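Once you've had a glance at the structure underneath, I'll fire off some questions.
We just call them A, B, C, D and E in the order they show up, numbering each chain from 1.
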């Protein structure tokens, strides 16, 4: 009894909690595969044997759906929040304007082509007209996970990550964070879908997990990690 | 920190199977290269050595195309044998065999070329066939080369990263070998596990190389 | 009788040369191939053994055809009943002495033969040693015995003794000759060593540049000038010193120095380094064993 | 499809600079290894060869720690020299030098070891110093080994992937070398660009190896 | 005068041996080091050149101290005024003949010297060739001339002629001797070749196992038994054949075969392979130039 869930990197910590809860509840083992939403979608397209896909947006699940690789239509399971995170002694109250600071030399951002949180961060920069100033300072991480790593190891001064990351108990107290004003980027509607590749092996378990994600218990966990619902 | 030992176990399984297959495949190849006077020899040697210089992402890309269920031989494996090659252990084995091939063939070839021709000729005049000669005379006398080839193939397969990342993904128990696990642990901010994995590999690699250099001062240079 | 007629173009350092030989050997005879380095001696042995393919040729051994390029007959080395002793012995380093001999056993061969051969060469004590731990002479014996396991019709010996010192060489010469006689093989030996050739051979083939220059008995090939009680030596003048009215000449022959008193006329035109022929008529030497 | 040629250009720049630095660094090392009778020689050889067998993710992890502005020598570079090592071309150069070191040292060492001692001794008796001997006598006479070392270091740097992925950060024009570009194009499903990049590298690598094997039948084996 | 007194423990195949020599050479003399392979000849030359460090020793050349381990004096090879001709010549393959010579030039040396030396050895025509395209004799000449560029006080020659054929060897012997005389160097030659030693040397040092066994003039060292008009040869019995009442003995001396008639008593106890001494009293040979 085993299912494999592809999880967008922003949700890696919350997914770990969900996994443990679900495993206790059902006795089904859940293996998590973490990556940027775009990379996971590509791998699914190339034939990766995943059962459920938790994306950071609606775009990739929909694309898979159009290509006939999913069971049913994707559904939004939570909305995410973009935050600024630093381990430096920076005044986060300045918000994105910090980017203009000469003390801020390197800023980590998830690759916008593959990671919705990266795309959201870019949108926010565009909103403030900071793109040109930020450009030479940007480090493109593979996913939110790599952004976290860059921030925490101190190799960058500032990073755009997900609120769920900084709410992870293990990360609490490591540096400071501040949410980016949610009106300056489109809402991060994170959707999930059961994959066709599950059909061959363990469709029932996959669908059960899919249901679990929308259960009140799961919603509570998501909220605890800073996701919100409309 | 509770460490997942599965990636280490998977890595050694992969390296073991790959090395075994490389022995089967590399031996005839090395024998042929050591004895042929064919003009295509340098071309074959260059092709075999390609994985030493080719970026893993290039190899990974082409393997991905070949392994995909719509390509060949991917379609054959997934449809006929029902063993998919992408994102599967089988696929990693195939990829690793290609990737580590030069590390097996080159020491074996050098070893065979260093044996005096008269050993082979003597065996023939004593009534023994080519195969008997290979297994009873040649191989036992190139044991250092066999050791070098085996050890380096094994170690180099353990060191595989880019290729696995592209054709294996990061599937626990299936393709999540330790080099990928380290990458993953670093990204998941579990530096503790990353340190343990890395240390195991570092110590192991160093001991392997030191053994090769001590046992056999010359032969690692035949790579 | 053994008939050999082969042709093969060789790639020498100096360019291409044709190896073209045609000779017969009496069954049971002891024949020596003699000639300069690169003359083609090893090549002939290997062609006989089937290890090198000639461009054209015919080989028959006691009425069995081993090679006939005209009729596309070409027995592989495994099927030719030969024993080959290589110059470097080619003992298998991974096997003990006994295993080296056993390697040559096939179903038909009597297993006691190994013990017989080991005993014959006084190798029983060494049977469990690896070849590399043996002396040159012992290795040579093992190689010889291994070549005899399959009861070859022809024994081919490629300069088997050249790496050994004088004493060992003489012991093994006697042994080879003894084996040749007791096993009734036809033996073809490659040698550079005049004394070896003299002592062992019934028949000599002198090779030069891939062609046979002379063949016959040792005395016939080498000893053309029969000069009983006459001595003729080739040497090199080392020094010429005046000593009153005569000159003392030091002449180097082999590693011996001959000192001789000569007249001024004789010395004229001679200088150190010249090659000279030293001959004497009424030579009545005393021969003492050392 | 409009192809971005910058990653290719950047890759060659990286490989060129790395190879140049490796020549400077590898030569004294190879000379020392070829002449020393020290007991630590096999240990040094094993350390130099480590990058052949160590997973790039292990090397990447430790380099990341070392390069980070809070670690050493990262702090020195970023604070004192004001040249950061992470996410910078400089960092890639340093990483590549370590990564490709065995591919330069081993051929050079084998080449130097193959020269008769009497050449060096003759040069000394003719009144020439060690340095003059190295540059005017030894190096000109191991040209095939120099070629092999240079070409393989260059090619192997081009083939670098895992390390760059971890310490590079995919910055266009700075650290986005072609092997990384291929990986990203494949991930973004831009197979067209991936094909072009891969083909360029494949053809190049093959030609490089073929040249080495044709020019110098033995020396690639000295790796 | 050159004084050498050194001690060094050598690692031989047979274990450790001590090299311990103490000898003096007259300035301007031609000395030959003679001895079996592994006796330590090359080691002595290299110690003199500063290429090998002895465990203990003292070397002075014309009153200048090159080495004194007691006083921690040890000139590097670059500072010792030596010319070394290596057995393999050690010509730099990447340089032309002229460049090989020029390599030895330093500020002080007159540049015309290169041309003089090239002319002296008739090498002008070959000045622009690379060493590997030259014959062994030509290479040897280049090595010799290169060793002379720096006007060495001592010329060290390590078996320079052993790889050459007889004719070339003789030509070069003459040349080496000529150079030795015209440049007034002290020359120390390593040689195995008796004729070479005889022709060239004023002084011989015979070495065995790192120790000097004998030293003196060639005649003094080798020619102890002065047997004018007497011959004494060491040879090997090849064959003994009965011929009526007498026996014909074939004896091999060097590459010469001596045939001699002997009586039955003389032959008794002799058999082929035996080493024998052949001597004759009233030997009055005719010596003819070949």
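Convention: contacts are C-beta pairs under 8 Å (C-beta built on N, C-alpha and C of every residue); 3 or more make two chains touch, one makes a residue touch a chain.
The shown structure was predicted, so the numbers you read here are calculated from the model rather than taken from an experiment.
Listing every chain that touches chain B and chain D alike gives A. Counted as hops between touching chains, the shortest connection from chain A to chain E is 2. The minimum number of touch steps linking chain B to chain C comes to 1. In terms of the distance between Cα centroids, chain D is separated most widely from C.
Note: the chain lying farthest from chain E is A, by mean C-alpha position.
Chain A and chain C, compared by their mean Cα positions, are separated by 85 Å. Inter-chain spacing, taken between the CA centroids of chain A and chain B, is 36 Å. A straight line joining the Cα centres of chain B and chain E is 55 Å long. Annotation for chain D: residues 64, 165, 186 touch two or more other chains. Each of residues 142 in chain A touches at least two other chains. Across the whole structure, chains are in contact as follows: A-B, A-D, B-C, B-D, C-E, D-E.
Interface residues of chain B facing chain A in the complex, by the touch rule stated above, are 64, 68-69, 78, 84, 86-88, 169-174, 184, 186-189. For chain A in complex with chain D, the residues that touch the partner chain are 36, 38-39, 42, 45, 105-106, 108, 111, 113-114, 138-142, 150, 153-156. Looking at the complex, you find that chain D touches chain E at residues 116, 118-119, 121-129, 136-137, 140-141. Residues of chain D touching chain B in their complex: 42-43, 45-47, 49-50, 52-58, 60-62, 64, 106, 109-110, 152, 155-156, 158-162, 165-166, 178-180, 182-183, 186, 191, 194, 197-198, 201-202, 205-206, 208-210, 212-214, 217, 220-223. Looking at the complex, you find that chain E touches chain D at residues 46, 49-51, 76-78, 80, 82-84, 86-88, 90, 92-94, 103-104, 106, 146-147, 149-150.
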